[in-house]
Amino acid sequence: MKIAIYPGSFDPITNGHLDILERAVKLFDKVIITIAKNPSKAPMFTEEERRSLIEACVRKYTNVEVDSFDGLLVEYARTKRATSLVRGLRAISDFEYELQMALMNRKLDGNIETVFLMPNEKYTYLNSSIVREIARLGGDVSGFVPKPVLQALQRKRKRTS
Amino acid sequence: MKIAIYPGSFDPITNGHLDILERAVKLFDKVIITIAKNPSKAPMFTEEERRSLIEACVRKYTNVEVDSFDGLLVEYARTKRATSLVRGLRAISDFEYELQMALMNRKLDGNIETVFLMPNEKYTYLNSSIVREIARLGGDVSGFVPKPVLQALQRKRKRTS
Amino acid sequence: MKIAIYPGSFDPITNGHLDILERAVKLFDKVIITIAKNPSKAPMFTEEERRSLIEACVRKYTNVEVDSFDGLLVEYARTKRATSLVRGLRAISDFEYELQMALMNRKLDGNIETVFLMPNEKYTYLNSSIVREIARLGGDVSGFVPKPVLQALQRKRKRTS
Amino acid sequence: MKIAIYPGSFDPITNGHLDILERAVKLFDKVIITIAKNPSKAPMFTEEERRSLIEACVRKYTNVEVDSFDGLLVEYARTKRATSLVRGLRAISDFEYELQMALMNRKLDGNIETVFLMPNEKYTYLNSSIVREIARLGGDVSGFVPKPVLQALQRKRKRTS
Amino acid sequence: MKIAIYPGSFDPITNGHLDILERAVKLFDKVIITIAKNPSKAPMFTEEERRSLIEACVRKYTNVEVDSFDGLLVEYARTKRATSLVRGLRAISDFEYELQMALMNRKLDGNIETVFLMPNEKYTYLNSSIVREIARLGGDVSGFVPKPVLQALQRKRKRTS
Amino acid sequence: MKIAIYPGSFDPITNGHLDILERAVKLFDKVIITIAKNPSKAPMFTEEERRSLIEACVRKYTNVEVDSFDGLLVEYARTKRATSLVRGLRAISDFEYELQMALMNRKLDGNIETVFLMPNEKYTYLNSSIVREIARLGGDVSGFVPKPVLQALQRKRKRTS
């Protein structure tokens, strides 16, 4: 069974992430979408919130598992018996950073391969940080995130205003 | 009347910004150079200081207005009846970020077009952050900023030393 | 009256070109879309064919003129009393080449400004050369070119097969 | 059964290609490495030569098939019941071109996904064209190509000198 | 005597830095590897620690001096009678930033030239920040840093756990 | 004695090349500027013409030699006892190609180091090919090339018209 890890901050998950996930589930027998715990960053959504938002979005897949991890990604992948890491490839800045991470992970464990997939071009310039920024300013992000995330952003906004 | 918005942090305004502005005023009937208020960043110059520095530099133009805004740029542009956003294009990192912002703004309001202008190549690698850094270290930034900004940087330096 | 030149090979004109043109006509009082005669290249379509294809696509605009030129672009622009050149900005390779040409044209005539517009992201990776290639291989290019070009490509293909 | 196509000119196949192939065979049940016939280019090696060179290098794999094709890649993939295209990702110029091709292929057939793999960083700047160039000048390419290709390049050189 | 400055944060020094240094010592009569004091950043290693780590790594060179500086790099270079700055060139993001710094330094002192050297490609994607990150997560960085740094990272890790 | 090779097509030599040369002569004891003979390309100027144009431009330097070569650059460098290759670094496309060549040359001879220098930013987008193109169209290239090249281009133009 070919298992892949799709790691990220997912703060929050966007339509671009879901587009990559949809491509990955066709390629692998099982995809584990997993939240990187990063104690040094102050996220907009807690790990639990991010996790339930992802879960609300991936119910239609039978071969997707939602999880979170800390420590080294390659060690986590090994405990999950995964042999591939899935990453989306968009703009240039992405490209450099993604290749750096992929090379480092390969150095740390040569048996785990990073597989790059390309999102629909309409998500080329979409990322979680710009979604958070627009939502904070009261802009309409309904074209960028799935419905559960949209509602969570609106609840968050009401509370802070 | 064709109105364009030239948004930025302008902390402080540099010769590169003024070079872009000079090109924009020929292209549009009116250009509003406007300071993005960003409460999360600690600027070197207050909004008021940045505004008076810009005003001191744009007096020679009859079709330039100085302003500031918070919230979404496209909403601000609408209230100003502007149909274009002006941005300078320099190095690669710029390019990616600028295209991302332009695509996002287009998603938020399809009637507002981002127009990219190219500064003189002598400003290719100039930005406000490197000016602040050099000024802090006591370096000579007279070739990078207009006179009022140079004086303001010198005053700031005297106060902190 | 603000006149802009939109120069290119247009061999053939694509939906990406038309997307840029549509943005340019809102920005300028008149846009001259003009075919660069390049005797050293063997085009798929003759200058006359390219011209009638463009004409068939721009009939809905009242402020668009179709033309062709040889010699230096800036000299041509001067004879047309144009003060702006319009260029689309897509991928990175584009970016470098376009900036090089824009800087050269500015050196040759400092009064003519290049204005960069960004096509819809669905045309990010579209250009005439890939359209010709796919058409030659019998692929469906109906999503990439306007109807008159599609028909011209089909006629061309019948003749050569 | 998950079948992938690994297309290319392979004129000649290099250690970089073989590195990508080795990663692909672990990911898919079957990999078809296939030579794009391109009548407009004058290759160094004929299609037959390129094919036997590839065959000599992939004997150790039980799930690799060697083939060639003309026409549209996505149509070829369909006839082979392949759902993935494999491409190596190296430098920036690659990146842009590869994404363009992948987006075009997706437009032509949305069911076929391009999967990008990263070669060992020691092959980052290796391609067939630089191998041909160095071989022509009599340089030592033994670190860049597998043994059968090395011998073929030496035979070619003897004949032309 | 041709003296070069090799400036950096070196927090900590990596095999990639040492690779560049080794190339620089062949090119110049004397190389001063110098730590930029940056009070605004919280480093992993103190200036003193970074300095002794570098010293432990460069003992084999007779023409290398270890130092630190604050203020403007070009002024520091002048006091050292250096006419060259040495910088490593790796990925794209590097490239842009390095050219910006080099142009700024040239503006500040036209007599000091920045010389770019290319590390071994196996260090293409290596930097101090990724080393710190992997070390913090308990990963094996023995392939990325010299022995004294490896031991210092292990001591640091023991103390914080 | 530190000898460097500055190789290129120099068809023709431009102000950008001369800018790099001027920086190189300060760095090395001797610089050999050398024309790569490339039988497969049809140059605008013959090897002899290119050589005399370079010679006319470098008379003021006492440590510059003009030469030409065919075969492998690293072998040529060895016969000249050179340990460095000098290359100018400008735009991104440059960067990729230059690093590829430098890595290849390093593979072919690990003792020869490529040293990258940055031209004045006013030459950022200048190359021989754009100079030839503008000269052919009758444009003014006096800002891009030294006087002897300007005159040679004018003579060439008279002959062909």
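A, B, C, D, E and F are the chain letters, set down in written order, and residue numbers restart from 1 in every chain.
One rule holds in what follows: a contact is a pair of C-beta atoms (placed from the backbone, for glycine too) under 8 Å apart; a residue touches a chain by one contact, two chains touch by 3 or more.
In this text, all values refer to a predicted model and were calculated from it rather than measured experimentally.
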Set of chains adjacent to subunit B and to subunit F: C, E
Chain labels contacting subunit A and also subunit B: C, E
Centroid comparison with subunit E (C-alpha atoms), farthest chain: C
Label of the chain whose CA centroid is most distant from the centroid of subunit F: A
Pair exhibiting more inter-chain C-beta contacts, A-C or B-E: B-E
Mean-CA-position distance for subunit D and subunit C (Å): 34
Interchain centroid distance [CA atoms averaged], subunit D/subunit E, Å: 39
Numbers and ranges of subunit E residues touching at least 2 other chains: 92-93, 99, 103, 121, 124-125
In contact (per the touch rule at the top): chain pairs: A-B, A-C, A-D, A-E, B-C, B-E, B-F, C-D, C-F, D-E, D-F, E-F
Footprint of subunit E on subunit D - complex, ascending: 92, 121-122, 124-125
In the complex with subunit E, residue positions of subunit F that touch it: 2, 23, 26-27, 83-84, 89, 92, 95, 99, 102-103, 106, 113-118, 121
Subunit B contact footprint on subunit A (complex, rising order): 91-93, 124-125, 130, 134, 137-140, 143-144
Subunit A residues within the subunit E interface of the complex: 70-72, 74-75, 92-93, 96-97, 99-100, 103-104, 107-108
